[in-house]
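I have a structure here, written as structure tokens, and I will follow up with some questions on it.
Note that the chains are named A, B and C in the order they appear, and that numbering of residues resets to 1 at the start of each chain.
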Amino acid sequence: MTAVPTPGGTPAAPTPGSPIVTRPVRPRWRETLGLLARDPTAAIAAVVLLAIIVVAIFDTAFASQGPNEQDIANRLQSPSWSHPFGTDDLGRDILARVILGASVSLKVGFLSVGLALVVGTLVGLLAGFYGRWVDDVLMRIMDMLFAFPAVLLAIAILAIRGPGTSNTVIAIAVVYVPIFARVTRASVLGVREEVYVRASRSVGASDLRLLTRHVLPNAAPPIIVQTSISLAFAVLAEAALSFLGLGTQPPNPSWGLMLAEGNEFINRAWWLAFFPGIAIVVTVLCFNLLGDGLRDVLDPRQRTLMAGGGR
Amino acid sequence: MTATSLPAAEPVLEVDDLRVELRTPRGPAHVVNGLSYTVGPGETVAVVGESGSGKSVSVLALLGLLPARVATVTGRAVLQGEDLLTMSSDRLRQVRGPGAGMVFQDPMTSLNPVLSIGKQLIEGIRAHSDVSKEVARRRAADLLGEVGLPDPERALDRYPHELSGGMRQRVVIAIALSNSPALLIADEATTALDVTVQAQIIDLVERLQADHGTGVIWITHDLGVVAGIADRVLVMYGGRCVEDGTVDDVLEHPAHPYTRGLLGSLPDLAQPLVDGRVPDLTTVPGLPPPPTDLPAGCVFWPRCPVRSDPRCETEQPPLAVLSPGSGGLEHRAATWCESGADR
Amino acid sequence: MVLVGVSLIVFSLIHLVRGDPVRLALGTRYSQETYDALRHRNGLDLPLVQQYVTWVGRALTGDLGVSFRSGGTVTSLIGERLPATLTLAFAAVFLALLIAVPLGTVSALRPRSFIDRFATVISQIGISVPDFWLAIVLILVFAGTLGWLPTGGYVPLTEDPLGWLERLVLPAVATGVVSGSVLTRFVRSSVLEAMGSDHVRTAQAKGLPERQVFTWHVLRNALLPLVTVTGVQLAYLLSGVVVVEIVFSWPGLGQLALQAVRSRDYPVLQGAILLFALVFLVINLLVDLLYSRIDPRIRR
């Protein structure tokens, strides 16, 4: 059994006939930002994300009531001026909890994707750059991890290590390592034989120097795009795991946990489950749109795995 | 200057003042700017020019194969008495095939990879004549034999990827000829093939043309091919005809600086000839003008090494008759140059 | 090769647990005999390498051990749950295709039209919606407010076809929406690509009717790779099934796996995960085989 076929997102072999780049093309930040600004959808997504991140960082400043402050007299209040998103079964303000949930969800998202990014990129670099048995061994291990449905793999890891936020981060990271490894490896294969890399090698540049100066900067665009898309799915995965009671533990509000709590009152108080869900949709949508925008700008050859590949 | 001396018989195709404008993100592109020519029965007209000169677009426009949303085509193109540019899309569909067949540049991509050769031939035959599958299949096998495919009966069940480039191009030619068209348009039909296969394909088209009396428009940038196959030559640059005439007149007495550049007869323009080959078009330095931004004067002025007349910078020289030409065909060129460098 | 790795990973699961899994599962009150019997039955009293060999050997013959909780064999527990999960997965993919093929095709035929923009927005949102949240909203609207459909549960097709269908609709929609969105985008780009290919121009130049050009030269070519993508989606969809099953009380493998996690019933968890991975691999294998049958370029 070989690698799972993923058309449209197959880690493409180096495109034959692509123009030979004679010097490293580094991501040009200013230019990239400029191009992104001209893509209104991606620009709006970036602004909304920035707003969500700011709100998440200064969480308490945005809420009138503490997220864990109970007020039994006002339990299950429908949305009103004093509680725009209503209150839950313990009289806690849903808006305050959604805001605090943002910081939990984003923290898990950034940490897990960050971890997966570092490990996966390293694996992909080594596999792509050294080839031969290094490539074989590393990528076969990645294939094995890839053979498990993502959420199930995360569930299994949490079953071993026990529920909780830090274990959730590890579980999600493990799921995404193979994806980053594949994307990186494909990019590295694409640039490894380019003229300037061979030229540097022929003048005796060390492997480390080659990797950091030439290979990595050129492999970066698809990795950046993949990061944005993976953040979207990491937020979803965190929500799913917390919903199942394996991720973030009460009383801390994560969006997924709030959905699980809201699900019990769904017929009496729809707002309990509705607003955290909207928060997830908006956040994930923005990461996806930003990823699409980045792909158009950075990675016109579409070397990234397709969005669905992340689940 | 529009009058064209007609060949003896009624022309198969008569193109008059053909213009094509494409909508592009960078503004309207004037790709073809007033092209007029005729193709007689059994005659081969070679259209020569670099990529970007508008030659492919000009023939795609004839058959309505440009996307209607971006292309505006004006002028007249009368094929067997009917104007292709004004006819209904349904009538145009009926003309494609029996009226005009087309062979494209890249045989690797111009056949559908997931349909058998037979299916692709038979559907073309049955689109225009009401025959049973069996009859169409027999005709398809005959066609494959005629274009020189070995074991045509079995070839019908094969898929494009099982054939070589040359064989595929034969299949494309068979498809183009399957409804005995009055006109065959070959758009860079041999460019993607290697030299020996090129020669075979050219021989094949010449033989079929002689057998059926088909008129041929042969688009190429290879002057060697032109000398071998054409009766008449039309040199295109910047979407217009800069010189036309019989193959002997144009190749032996080129008048326009561009044509002369192509032929390497201007020593300061052409790179030295290696082993006496007819030079490729790339020997003219510079690039053709972008169709979104054509020069105000002569289209060739920015690259012209002669620039003998001050009017060239602001005015487009009209096509003027240089000589009555051989075989009743005028030799014309759009230039004010004191020509006759080697006359 | 991958299979060996998968079995290794699943096998090590039980040994990565901190502490004695059997003791953890049984809690505080149990007899030494029950403990020994469970350890022995699941081969946990053997040396590690021998354990693995025994485990794989038994797994190959369909014996996945015994549940720590119910004492029933894992194979029979899984066997009871598998049909429900597969039903849901296939229904979801079917639904996804039912939406994706027409919507993606129409979008490609009319780029930048209203319907194209609509499809783009909907599929973008569809990819971003958590399936279990959609499940909750669907229950709220269709089972709660409108009262058209039951909130969950499962009846076998053979017992009550209408009830089966009624209970299948909402979970299938919730599970299928992500795949439907991914497939819509795929169909759109695939049809667009096919429309721009050279052989379509050849077909038009032959004078074929537009409809014939479209079905034989655009759609046929565009939909061939859909087979592979659908297979991959079917495999990924198994992830979504796990969570959606919980919301709809759908008695499938996902529910079983989660119960196993909560009750620390490791042999059952091992079995469920092994089966998911197996289904995933088998689907991919079947898709490869199917594709090589229908694409003449690969067919031998």
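Going forward, a contact is a pair of C-beta atoms (placed from the backbone, for glycine too) under 8 Å apart; a residue touches a chain by one contact, two chains touch by 3 or more.
Just so it is clear, the structure is predicted and the values come from calculations on it, not from any experiment.
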Reference chain C; chain at largest CA-centroid distance: B
Chain pair bearing the highest count of C-beta contacts: A-C
Distance between the centres, which are taken as Cα means, of chain B and chain A, whole angstrom: 53
Distance between chain centroids, defined by C-alpha means - chain B, chain C (Å): 54
Distance between the centres, which are taken as Cα means, of chain C and chain A, whole angstrom: 22
Multi-partner residues of chain C (at least 2 other chains): none
Touch list for chain B against partner chain C, complex: 60, 63, 65, 93-98, 101-102, 104, 106, 109-116, 120, 123-124, 127-128, 159, 161, 172, 175-176, 178-179
Residue numbers on chain A that touch chain C, as the complex places them: 1, 4-8, 140-141, 143-145, 147-153, 155-156, 158-160, 232, 236, 239-240, 243-246, 256, 259, 262-263, 266-267, 270, 273-274, 277, 280-281, 284-285, 288-289, 306-309, 311
Contact set on chain C toward chain B in their complex: 197-199, 201-210, 212, 216-217, 220-221, 224, 295-297
Complex interface listing, chain C residues touching chain A: 1-3, 5-6, 8-9, 13, 16-17, 124-125, 127-130, 132-133, 136-137, 139-140, 144, 178-179, 182, 185-186, 189, 225, 228-229, 231-233, 235-236, 238-240, 242-243, 246-247, 254, 257-258, 260-262, 264, 266, 269, 273, 276-277, 280-281, 284-285, 287-288, 291
